[in-house]
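Structure incoming, see below.
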Amino acid sequence: MLQTLFDALSLGSLYALGALGIALIFGVMRLVNFAHGDVIAFCVFALLWPSTDAMAIVFAGQLPWYLLVPFVLLCGAGLSVLCEIVVFRRFRNANPATMMIASFALGFVIRYFLLMLYSSRPKSISLLPALSQPVEIFGARLPLLQLITIVATMAILIGLTLFLRQTRFGLEMRAAAENFSMARMLGVRANRVIMGAFALSGALAGAIALIFGSQTGTVDIQMGASIMLMAFIATVIGGLGSLGGAVLAGFLLGAASVVMQVALPVDARPFRDAFVYGAVILVLLFRPQGLIAARGTKERV
Amino acid sequence: MSAVSSAPETQLTGDVIAARKPARFTLARKTIVTPVLLSLLLIAITLITVMTGSRPFNQTVIDVLVRVIFVVGLYIFIGNSGVLSFGHIGFTCLGAYAAAWLTINPIMKSSALPGLPDWLLQTRLIYWQAAILAALFAGVAALIFGKVLMRLSGIAASIATFAVLAMINTIYSNWDSVTGGTSSVVGIPIIRTIWPYLIGAVAAIFIAWAHAISRSGLALRAARDEPTAAAASGVDIPKERLVAFVVSGAVMGLGGALMAHSIGVVTPDTFYLSLTFITLSMLVVGGMGSLSGGVIGVVLLSALIQALRWMEGGVSLGDATFALPKGIQEIALGVIMIVILALRPSGLMGNREITLTRSKRNM
Amino acid sequence: MSLLALSDITIRYSRLTAVREVSFSMTEGEILFITGPNGAGKSSLLRAIAGVTPVAGGKIQLAGQDITGQAPENIARLGLSMVPEGREVFGSLTIEENLLVGTGMQTRDRNSRARTASDLEAVYTIFPILKDRRNGQAGLLSGGQQQMLVIGRALMTNPRLIAIDEPSLGLAPNITDQVYERLIALQAQRQLTLLIVEQSSARAMMVGGRMILMRGGQIVLDGDARTLGSGEAIQAAYFGYEDH
Amino acid sequence: MAYKIRIVATALASVSLAFPALADDEKVVVGFATAESGFMEAYDKPAQEAAMIRIEEINAAGGLLGKQIEVVKADTKSDRAEGAKAGLSVLDQGADLVVVSCDYDFGSPAALAAEDAGQVSFFLCAESVKAGIQGVGPHSFSASVLAPVQGATMAEWAFKEKGAKDFYRLLDTWTVYNKGICDGFDWMMPKLEAQGAKLVGEDTFKNEDASIAAQITRIKSLPKEPDAIMLCTMMPGAVSAIKQLRAAGINSMILNGSGVDGSYWLSAVPDLTNFYVPVQGSIYGDDPSADVNKFNTVYKEKTGAEPSSQYVYPGYVMIDVWAKAVERAGTTDADAVVAELEKMKDEPTLFGTRTFTPELHHQNRARYLIVETKAGKPGVVGEWTISEPVPMEAILK
């Protein structure tokens, strides 16, 4: 029971972090960033030296953890900001569909760039191996990593909350997320806030990359995709533009997935995702604005 | 952005009302040039292909024609309603499998897909009959899903349509006895002549045109541009959306059936994210508000892909052979798409249609 | 010298021209009402001044600087504070946070913290209800309270010009009275320059000041609110009788 | 009606095909319609390199039927629709043998194009029964061994040689290959249960699942840790699953299909132990056959790297058996070559024997080497051939 709770929390953590990364950017520029998953993949690949051999040549991955963590976060933030400056800045006034397709095209470019440098073969990496040990807690034997995932996610969420609540920049970002044009009319600098959002979102992608990378030990160009999809859904059912809603929905999706895996009979288990998506449709039908509707986020359709 | 003050509203309401009234015949005569020109474009491409006699090129153009069907199918819903759908490839999947169920040799079928009902196991149709039934099947599925989903709008609707795609994919990937699970379903007769695909693409274009000038299509486009005004003048938005959803679902199903016949195998993952995104990209790059945009988006992007691929293969310039590194094609494609969208945010055609005289908005 | 000057401003939304070659200027300390029927282009004009809506032609100057085509945040930094239609409070932020959003553009120095605190106090003195609920969510305020909040929010930026779009929209008449009462008192006390858009000219006649009447994207009347308001001319101008 | 259209279509196709095919009678053409870019490239390329080694050997020894083998290629881009085009493209260049992608799903469009044109097609290393008569047609073959054989081999070997009694079955539903391994396991289990083994539980997951924590919790809630876990999965999800199993403190034997062979990923699970993989030949330099070790050296000379997994080998086997059949038939004519291939019974190759019959163009029984990974080091610990061939019903499941 306790174990199931931890399973749900750790999976939910990944979705919640992903959803947060998407919601942050959606908040300030109404962009559903499909390149987010590829930023995650990029962060993991950044640990390896470019080579198309089957054997991974570990490069930054050998750094001690106190250098490794900032390195990966910076990689994510850097790439994300770069995407903003080079691509998304040109789409500020475009309609959401155009932006979405542009972000998809950008993700495509990142993915095939990685593919060219590293080949399509999934590679392996031992990331933070010390975390792969089981630990005993409340009578349940858990992988240490699961615990760290949950703790780290909580720490990130608390840190981000403090940042958004206590700093000037956080205030501007929340104001901009809710009503971007009003915030600008109050002198909030659009570029600064948007770049800040991209940097934070990229750093979150880096955090996911670290957790996911240590959990799976795999480096794969597809690796961001499945998290990205779930995170995207979580962002919407959480209430687009609502950061709290995104996190809540991320955890709920993780929980739904784990609970269905436990509760469904073995023959129905392969259909687990169909049930999860069915639940998503139900949520949308009953709360089209999401679980926590962000006030003032009038949608432009 | 808040509403553009109310003067245009009254004007548009007028448009909507006018659209509901007479003159359909005049409208048809005024706009038929567009589908005719688009069809002529496809016919010209097909004739050139047949004249070259190259089988790989023939297959390439078949692929383009199938994509035209997909993108036109997407346009019918997305273009007219303004709601982005990620779910339509699900209907393509339904169409492709329906075609497989209806055309595979019964002996093979009963060993590979034993879970099919008996009458279906015994059925074996000609490909075009199967394609029509597949389109109907996809249309019915779209009706069922649409009934539930068309109440939603905006991004919630987009996500819900995506959830439909994911559900269809999960079910088709795992219902082994009926769909063969993730494994390929084989034995679908392969049609390598180009003509059926041309007919399918032209039919899709004319269906899209007929829907666009129908009362339902006009009302839906009015609702896309001015939802409040359209609702005020009595347009039942969910109903008109549902009509478009069903028509486009059926066209997607037709495309799926033809795609199945063009390669001879179907698997669920063919009809998932990458096909969704490539077809959506073609529509958006071409201009999602116009039928011409969709068709031209497919033709241009396909030509671009082909050109890049050709350069990847190596081009002789005098003595030197110049070849792009493998894999650069996708990167270049992505970059070019971004550039096009940055320069023309509403796509190459914007909201215009091609006509003989000059480009015209919104047919 | 005029604080705000518009010359030949034209605004278009794709095929529709909302404002056609409008020019006017206003001086420091002035109250100017722009009135006119729905669709006259008043709000478009205001949004163009704030830099939210692009102009198709013409020039806008604020305090002698050309602000045409400038980003909204830069215009705000030059001293324009906008209170848009529908108030647009940040519903998920607290009341105090709403007030603080606009203070970011002040220069940072040792005293900025103290200055912000005293500005806050000043706003709270004008609108005591805001102080009582300072940590509550702004979205939960009533319409009138929200209107007070956004005026307070505009004041917090120490603007040279406050532009308000339809402050009476959706408010009960007695609440509107309250809002105007405070607003006018404030104007007198601080020598504020006010640009107010209202659909009805009645309020302008009551308050006084200058009034511009717009219809069909153009200025049809410009003069003193009280003298204009009493005449037959305004009726004709408002409803456009003379055209038909 | 449908038949007529098809007949006309096929007739037209064969007219246009016949011409280029006749034109180059002076050489034998092998066409590779495989992935040179994209996702499948990493799987196709190594096997293709091995095939090239065999082709070069044959050419060096005077060629096939006295003619040099010429190679033509077309890139499938790891895409099915492109695969069909690639198949047609190499056929247009006169291919006598069409070599298609390793995976059935990606290779079949090209193979179907070859079948349509009446040419022999060979999957580089597909392990589904459909890569052959059942899925493509009577001219199609695969050079590897069926996936169910791997599952059956591991189950029987673990029971007979390692004394494993309690088995747990963990299936990744992503691909047919994964399901195939478990199908073989399912066919073997009842035989072992009659001798005292027991299936104590089963579960499924998806390759792309971010976490299999819920599945692990189910294993841990068993009264006793199972002796062996049959893990039917493939890369990249396999690494993730293995890592999570071990991180959760589950130390059971892990039995696998050949898909996880290779040492390139072992760094992800440091000191992995009690881990078993069936292989057709060893890439670790300890193969019982000296010829295999010699091949590894040649491969390294040619490509600059040692084989990364056993999936290199089927490429070599493929050209080997096809060339033998061509020599015996004395022609590259498809039907004659197929007839010769179907006569092969326990035909020796560098990497085990091959048998083809008119019913099955695939191996339903094969000698497998068992590679054990112990403290992070893989090495051959034995070999096993299942007691009876996997029957058609289990293969076609």
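We call the chains A, B, C and D, going by the order they appear; numbering starts again at 1 in every chain.
To be clear about the criterion, a contact is a pair of C-beta atoms (placed from the backbone, for glycine too) under 8 Å apart; a residue touches a chain by one contact, two chains touch by 3 or more.
As the structure is a computational prediction, the values presented were derived from the model and not from experiment.
Trainee: Just to be sure I understand: going only through chains that touch, what's the smallest number of steps from chain C to chain D?
Mentor: Minimum number of steps from chain C to chain D: 2.
Trainee: When the contacting C-beta pairs are counted for B-D and for A-C, which pair yields the higher total?
Mentor: B-D
Trainee: Measure off the straight-line distance from the CA centroid of chain B to the CA centroid of chain D, and report it in whole Å.
Mentor: 36
Trainee: Nearest whole angstrom, what separates the Cα centre of chain A from the Cα centre of chain C?
Mentor: 41
Trainee: Which whole number of Å gives the spacing of the CA centres of chain A and chain B?
Mentor: Averaging C-alpha atoms per chain gives centres 31 Å apart.
Trainee: Report the inter-chain centroid distance for chain B and chain C in whole angstrom, where each centroid is the mean of the CA atoms.
Mentor: 48
Trainee: Can you list every residue of chain D that touches 2 or more other chains, as numbers and ranges?
Mentor: Chain D, residues with two or more chain partners: 38, 173.
Trainee: Of all the residues in chain C, which ones touch at least 2 other chains?
Mentor: Within chain C, the residues that touch at least two other chains are 52, 84.
Trainee: Counting only residues that touch at least 2 other chains, which ones in chain A make the list?
Mentor: Residues 115, 181, 225, 270, 273 of chain A touch two or more partner chains.
Trainee: Which chain B residues qualify as touching chain D in the complex?
Mentor: That would be residues 53-56, 58-60, 63, 111, 124-127, 173-174, 181-184, 186, 189-193, 259, 262-265, 267, 269-270, 309, 312-313, 326-327, 329 of chain B.
Trainee: With touch defined as at the start, can you tell me which chain A residues reach chain B in the complex?
Mentor: Touching chain B from chain A are residues 32, 34, 87, 90-91, 93-98, 100-102, 104-106, 108-109, 111-113, 115-116, 181, 225, 229, 232-233, 236-237, 240, 270-274, 277-278, 280-281, 284-285, 288-290, 298-301.
Trainee: Note which residues of chain D are touching chain A in the complex, please.
Mentor: Result: residues 38-43, 78, 173, 202-204, 206, 208-211, 213-218, 220-221, 235-237, 239-240, 243-244, 246-249, 262-270, 305, 308-309 of chain D touch chain A.
Trainee: Across the complex, what residues on chain C touch chain A?
Mentor: 50-52, 71-73, 75-77, 81-82, 84, 88-93, 97-98, 100-102, 104-105, 139, 153, 157
Trainee: Give the list of chain D residues in touch with chain B in this complex.
Mentor: Going by the criterion above, the answer is residues 1-2, 5-6, 9, 12-13, 16-17, 36-38, 74-75, 77, 80-81, 83-86, 88-89, 91-92, 104-105, 108-109, 112-113, 116, 128, 130, 135-136, 173-176, 179, 396.
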